[in-house]
Every structure is written in C-alpha cells, then in structure tokens.
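Chains here go by letter, A, B, C and D, matching the order in which they are written, and residues are numbered from 1 within each.
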Amino acid sequence: MISIQTEDFCAGSEHQALRGAGPGTGAIATFTGLVRDSGDLSGVTGLFLEHYPGMTEQVIQGLIDEAGQRWDVQRARVIHRIGPLALSDQIVFVGVCSAHRGDAFAACEFIMDALKTSAPFWKKEITREGEHWVEQKEMDVARTQSWDQEA
Amino acid sequence: MISIQTEDFCAGSEHQALRGAGPGTGAIATFTGLVRDSGDLSGVTGLFLEHYPGMTEQVIQGLIDEAGQRWDVQRARVIHRIGPLALSDQIVFVGVCSAHRGDAFAACEFIMDALKTSAPFWKKEITREGEHWVEQKEMDVARTQSWDQEA
Amino acid sequence: MSEPTVTIRFFARLREELETEQLSVPAVANQTVSGLLASLASRGGPWARLTGDQPVMVAVNQAMAKPSTPVRAGDEVAFFPPVTGG
Amino acid sequence: MSEPTVTIRFFARLREELETEQLSVPAVANQTVSGLLASLASRGGPWARLTGDQPVMVAVNQAMAKPSTPVRAGDEVAFFPPVTGG
C-alpha cells in the first residue's frame, strides 16, 4: 500500500499492520527517513517537499512489484510525506514483511534506494539564510545502479 | 541499550525512542523477527528460547560496539525475548539510527546477522507432534562471514 | 472545435525558474521530446536553460521518457530536475 | 579449606542430553578446553557425545573459546550447541 500525504504517520501502527500478513511472516524490516539538520546546507530548519501526483504512485508501485519479483515479499508499505516539514519530522517510511530476514532487508533497502532516484519528489531545504533545492547525489544513483548489477 | 526479557515489546515505542537521538538523525532502520509457522519443522505452534545470562549481553554489546566502529551509529537498540513464545509473537528487535540510511541499514543488518551466529540463544520449535532443538543454518554462518569479507 | 494540443508541466526548480506550472502547446506531427524541448528553449530568457548545462528529466504520460520518445496530441509531458525524495 | 574447582555449565540440547545444568570439577594444572572435554567424555554414556560428531561450542568465563584455551581454577566453562537465536 502506498500513501502520499501531508500528515505525519505512526511507525508503530505501520509495524503492527505488517505483522498481520499471516503465520508465515518471520521478518519485518523498516526504514524511516527524518529531516536532519545538515543536508546540502547546514543549519537546516525544515524542508518543503513537492511531487508529481499520479506519477509518484505509479513509480512506487512499480518498485514494490519489482521487489516482489526479486524477493519473497508478503506485504510492503510505503508512506511519503509532502509539503512543509520541520526538523526531525518523519519524511518517508518503507516497511516490508517476509518469511526470511534476508528478503525483508533486501526488499526494504531496494525500494528505499530506488525511490530516491526514480520517484518524482523534490526537496527544498530551508535555513535561516534562505532556501535551496537539494541536488541529486551521485552516491544515491550509484546505490540504485548497484541493485541492477546484483540482479 | 540491550534487553533480554520474557515480556513482549512495543516496536512503536522503540522506534519513537530512536527518534530522540537528536537533530542529526536522518535514518532509522529496524528489524523484527517473529515466530513463523515453518522453521526446521512445519506446523510450528510456538518456540522455547533459552540463553546464557551474562554472556548474551556481553556478546551483543560487542556487536553494537563493532557496528559503531564500522558505521555511523547514533543509537542502537536490541531486544531479545526468552522463554515460551507463541506463533506470530515477536522474538527479536534491532533498531539503529544514523545520519545516513546506508549506515543505518548496514549496522542493523550486521547486528542481526552476527547475533544469530554468535549470541548464546537456543531455540526449540514446538509442534503438535513434539519438540525439536533448531539446527544452526549454514546460510546464517555464511551471511555473518560475508560481513568479515566486506571489512 | 479545439486544436489538438500537448500539455506541458514543470516541477520544482524548473517550475520556479520558468514561473510556469503548466502550459498547453499545439501538437506537431512527428514530434519527439527533444524537439519539444528545443522549441521551448527557443523562447529565450530562462527557457534557454532547458537545453543548457543543468540536467532535465522528462516524463511522457507520467512514465520516464528519453529524448527520442514521441510526443503526440493529448500527451502530458513533464520536465523536472533529477528527483530528490526519500 | 575448599579445593580449587572449575564450574561447568551446559545449555540447550547438551543440558537435556546430559541431564546436567551445572557441575563442579577439581581444577587440574595446565588444563585446556580440549583436555576438560576429553575428561568429561570419558564418563561414558551420553557424555561420550561431547567428543562425538555433533558440534560443541565452548565459552570460558563467558567469552567464546577454542580447544587450546587454558582452563584455570575459578573459571566458568560452558558447553553448548551452535547458537540459534534471532
């Protein structure tokens, strides 16, 4: 399930929902991204997140489907917030449950890595001195490409 | 922080606590292991978990320290339950927060993999037909060794 | 009867630089993404940056596209900077 | 005055097979883990399995040890099957 929303989310409730996939679930891996004080700029006080409605959901569904072809994925959950966010706010949640831990970890990390380089979100950092559209990182692109090499 | 306990835990509260490491936290990775219906045996209805009090905590602290030397780890949390557990119960929780997602994922997965092959816990599977001490898996040993090769 | 058109959308830094969120242009026979981009860049001013040094990504009908991807009447074409979510 | 001893603990399958959770044996000069294991195995019956085909792990004073690790008076030595937590 995919949610793109301005509201915050509760990681505990999401974790609980992933436990409901059935008696064959042995592993839950989750990732949560938070607004931190230094990104491209230091002294970050908040972010503004823009996205491309419609395309975003399609791209993320494609990543979940791809993860399901590569690993045993019983249930996958992606939440991404948009709009204004404050320091330490939750930005993104990816949770995967599986029979085995290797699959849960791999699918969760793959979805997260690929989301960063292919889902149409744009992040603007806000500091006391001004605003700045974040630049895409070569390391993020390299991390996503490394999953292709592994295939 | 390390807890070895018979009681259940709340993944949501643990997640919330990991958010409290400070404004430099950008990433939280968690893993939760659950009792699933098929392990060495099928039709598993529960587990019994034994451990070596004192040594367990020392070994896990050593793994957390090692993770902290290899990656940026702002806070790490490990909970492992002992005693009788029912189907779908939570067994283990590993949570790590870091500035960056790569470090959070790697440290979390390393601690979990190494815990499985070096922390003195023993799992007995319980089915309607009887009980069975779980055998260590070659794949688990190989996963732990792969972290050494990566170093 | 309305003329066949292509809807163009801009996001993030591009939207701000061009001060344009969306526009509609007449559909052209045998057009591609790169042809459309060149025609927009020829407007001059900030539009010239569309074919400048900064990387521009493109989606046609909400799927990632290439310079050679065809653009037909009724299509939605989006231009945006490399994505930075997560 | 009490004799210098070594405390031995067994866990999981070993504890069940030997029907022994803990025992105390006299400390022996220049003893190692493998020497102690051989002396326990010589008790026969289920104890012989300690040097049999099944893998046995050992910790001395709660740290993983090897066959050559020395065992001294006052030490706590634990024997157990390969671990299966998590």
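What we mean here is this: a contact is a pair of C-beta atoms (placed from the backbone, for glycine too) under 8 Å apart; a residue touches a chain by one contact, two chains touch by 3 or more.
Protein names from UniProt, one per chain: C, D = Molybdopterin synthase sulfur carrier subunit.
Please read these numbers as outputs of a predicted model, since none were measured by experiment.
Chains that touch both chain B and chain C are the following: A. Steps from chain C to chain D, minimised over paths through touching chains, total 3.
Remark: chain A and chain D have CA centroids separated by 49 Å (rounded to whole angstrom).
Spacing of chain A relative to chain B, judged by their CA centroids, is 23 angstrom.
With centres defined as mean CA coordinates, chain D is found 27 Å away from chain B. Counting only residues that touch two or more partner chains, chain A has 33, 101, 112. Within chain C, the positions touching two or more other chains are listed as 86. Residues 33, 49-52, 54-55, 58, 80, 91-92, 112, 115-124, 133-136 of chain A are the ones that touch chain C when the two sit in their complex.
Those residues of chain B lying in contact with chain A across their complex are 10-13, 15-16, 19, 23-38, 87-88, 90, 99, 101-102, 104-105, 108-109, 112, 143. Considering their complex, residues 9, 11-13, 59, 62-64, 78, 80-86 of chain C touch chain A.
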